[in-house]
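Two complexes follow with subunit A in common, the first pairing it with subunit B and the second with subunit C.
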Partner chain A sequence: MNDFLSVSRMITAFPKLLASLSVTFEIVAIAILVGLFLGIFIAIIRMFRIPVLNQVMTVYISFMRGTPLIIQLYLVYYGLPMLVYNLFGVDINGWNKLFFIITAYALNEAAFLGEIIRGAILAVPELQTEAGYSTGMTYFQTFIHVVFPQAIRIAIPSFSTDLIGLFQGTSLAFLLGAVDVIGKARIVGNNSGHVLDTYVDAAIIFIVISVLLEFIFHKIQKRGDVVYGKLQN
Partner chain B sequence: MLSLAHIKKSFGKTEVLKDVSLSIKKGEVVVILGPSGSGKTTLLRCVDFLEKADSGTMTISGTTVDLHRAKRSEILDVRKKVAFVFQCYGLFRNKTALGNVALGLTVSRKMPKEEALKKSKEMLDWVMLSDKYDSYPSQLSGGQQQRVGIARAAVLNPDIILFDEPTSALDPELIGETLQVIKRVAKTGITMVVVTHEMQFAKEIASQVIFMEDGYIVEEGTADEVFSSPKESRTKQFLSRVLPPEYNL
Partner chain C sequence: MVNYKIDWSLLKLCLINGLRNLPATITLTLMAVAISLCIGMFTALARYYKTPVISQILTIFLTVLKGTPVMLILLITSLIYNNNIGKIIEYFNLNIKPAEVNLIALGVFVLSLCLLSSSTEAFRGALLSIDKIQFEAGYSVGLTTTQLLRKIVIPQVIPASMPMLMNNLVASFKASALVYTIGIVEVMYGSLQACAKYYSYLEGYIAAAIIFWVLSVLMSFFGGWASNAVRIEKVKSERAQGVGKRVEPCAY
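So, the complex of A and B:
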């Protein structure tokens, strides 16, 4: 029992886990960027109720929200190569695992971020748009100069929650063989026979970074409030 | 300058404007009076295409448009001639006072930024907000916000400015300063339509008064005519409720 958890082993393993943090960050960063890009399209499709695409996106979002992430990961990992092979006759089975992992997270993010963006745009009062029209601006000009900047501010808290959720959600990537923080924790722990040490190490890393992210977003939010004042009507 | 012919507008089953026609000459200040719910706001909104009328036409500065079937380009054209001052100010929350006034100039009028800022500052000085250029709406009192709203409308040099109850969202002690600024705008000779419940103010600035009730224009005339000797009994009733007793209608 004495040997259950050892601080010195934890300290030895810690740098190895930290080194794998870059893989975790890579997944998060690319998934968020691609997710934002696609999410904007999804938000536009849903807001303007573009026929057919709107229905497709509604189903897509229900699927992404209604199925466990692990299933989405496996579907992309095993399904995407089959799909690509059947459609284009190209074998992508040998591609880097990370490619499939990041694709899965990005597709998931697109759905969630799309809804966050849409909700934030709809939360900007109609009067703001009307005021834009009354000064002679077009819908597009009003959107760019008035509605979208306000929507970004409205979206910050949800975006922050989503980002931290994604960060923690990457802990499933090891199931497909990613050597991110968790993957590394498993490997190092299995080799030494003391898995608990390395998982506690991983927990510390996740807590610190999550708290840090929360703190940064809180600062951004506060700064916005100081500069703009709280967004009221 | 502005004439409206047979405007009708319903929301669902409620007929809000039943057949409104009116004509305003250049430089006139028209005050619209009427009980709440009579359709005053809806009428102004239809003029600026913030609401789409069910039928009716409008002629503004020589151009005639169908209020129901106007094309996008026609709507944009009308909106460049019309400015609107909202009851609840409607300032852009992400812009400073200066940004609020300048945005229309730079974006819709394509004015170079330097020039737009210079004009906007002059306009803010003119509404007595020289010290508030960089304040965001949330940092301004209601009266100050509404003065920014007026500056934002006036800076565009429109053919006509529509004011929808510009002081009714304000605390009583802030109404005076705002009315003063509106009077100043009126003195420049710009054509204005003002919906208000401030009777003293209405009397002072109106060249024409329109009394609306239940989606119709019930009576119109000069300020003197309508205030001192209203012809219609409904106008009389309304005025006797809102005017001080010495009018003795």
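So, the complex of A and C:
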């Protein structure tokens, strides 16, 4: 039983896992950037209620919210090559697996971030927009100078939960064969024959980074409150 | 060469096979939610009253739980389980083989662990949203703390935390798709089983997606209805969500 989990093996395996943290970060960073970009479009479509597209996006968001991430990953992995082949006649089946993984996470993030952005902008009182108009600003100026700064403050808590959720969500990428922290944990563990050690290592990495992220966003939020409070006084 | 056509008859087969295993998924979901609610109420009370040692231990424990992805908890738990189940059976002289043990219990254990932190936060937020005056009023008529909790506090806590608990229900349902990786037969496993022999997995995943999608939409409708039905004050449930930390139920 003593041999089942050993601290010395955990310490030797730890640097190897840390090295593959870059793959996890790569997935998170690209997915959040692409997701943010697409999410802004989704938010615009949903806010201005552009016909047809609005309904399509409602269904899309419902799908992304209603199905498990693991199914979305596999749907992209198996479905995207089929879709692209049937539409454009290009065979992308042999492409890097990381491409499919990042696409899946980005599509998922787009739906969630779109809703976060929309919710934050709608949460700014209508009165603020009217006040902006009354001083002679255009719609665009009002949005940039009045609505947007307030919306960001409102969006930060949900954005931080979303980011931490995405970070933890990357724990599924190893199912498609990505060598991220958990994928590496499997490889190192299988080589030494002690998978539990490396899994616990991976868990420690995930816990530390999640707590760190939460702490950073908490600080940002506090700071935003202070600045906003000063403006109000 | 990959087949680039969807086989509709296979999709139908996958759907039927997936739906046949729906009871297992529902068992997993509901049991996990129920267990996490029962334990979550006590952990929330311990954290609310800041019970000396227990509260600190719980804070650390829940942070660790919240920081670990469901997949990792699942992998670690199933490893420990596989390593020890033989010894446990031997110890109790049970007349079964390790392979015959129903794994659903393991799945329920993992899912309820994952839900624990979010249901604790939901209850704690609801507890904090109740005015101190209510407690004082209860004590002034001579109620003991247990009576006070049972008759005044908890009847207000449950409606106030309802929206978050219903969120947990959907999250638990979605997270239950993961347990197929340790060999529990549920919707995912069922739909994949049907198409695995044709090496055409897409149909299986589409079937599983349809089943999960339809049911989560139904569940969120039910959640909205249930939160409305038990609502006492809109303000209170909003305050409950504002006070408690926003915890994504079951981040995976």
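One rule holds for everything that comes next: the second predicted complex is superposed on the first by the 229 of 233 C-alpha atoms of A that agree within 3 Å, B and C clash if a C-alpha of one lies under 4 Å from a C-alpha of the other, contacts with A are read in each partner's own complex, and residues count from 1 in each chain.
In this section, a residue touches a chain if its C-beta (ideal position, glycine included) is under 8 Å from a C-beta of that chain, and two chains touch if they have at least 3 such contacts.
Note that the structure is a prediction, hence the values are computed from the model and not measured.
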Clash or fit (per the criteria above) of subunit B with subunit C on subunit A: fit
Partner chain in contact with A:184 - subunit B first, subunit C second, else both or neither: neither
Centroid geometry (CA): angle subunit B/subunit A/subunit C, rounded to a multiple of 10 degrees: 100
Touched partner set for A:9, first subunit B, second subunit C, both or neither: neither
Partner chain in contact with A:153 - subunit B first, subunit C second, else both or neither: first
Comparison of subunit B and subunit C by subunit A residues contacted: C
A:79 touches, of subunit B and subunit C: first, second, both or neither? second
First, second, both or neither for A:127, with subunit B first and subunit C second: first
Which of subunit B and subunit C A:171 touches, first, second, both or neither: second
First (subunit B), second (subunit C), both or neither touched by A:135: first
Subunit B and subunit C, minimum CA distance [Å, superposed model]: 20
Overlap of subunit C and subunit B interfaces on subunit A (superposed complexes): none
For the subunit C and subunit A complex, residues of the former touching the latter: 2, 4-6, 63-64, 66-73, 75-76, 79-80, 83, 170, 174-175, 177-178, 181, 188, 201-202, 205-206, 208-209, 212-213, 216-217, 220, 246-248, 251-252
Contact set on subunit A toward subunit C in their complex: 4, 62-63, 65-72, 74-75, 78-79, 81-82, 85-86, 93, 157-158, 161-162, 164-165, 168-169, 171-172, 175, 182, 195-196, 199-200, 202-203, 206-211
Complex interface listing, subunit A residues touching subunit B: 127-128, 130-138, 141, 145-146, 149-150, 153, 227-233
Subunit A contact footprint on subunit B (complex, rising order): 48-50, 76, 79-80, 82-84, 86, 88, 90-95, 103-104, 107-109, 136-139, 152-153, 156
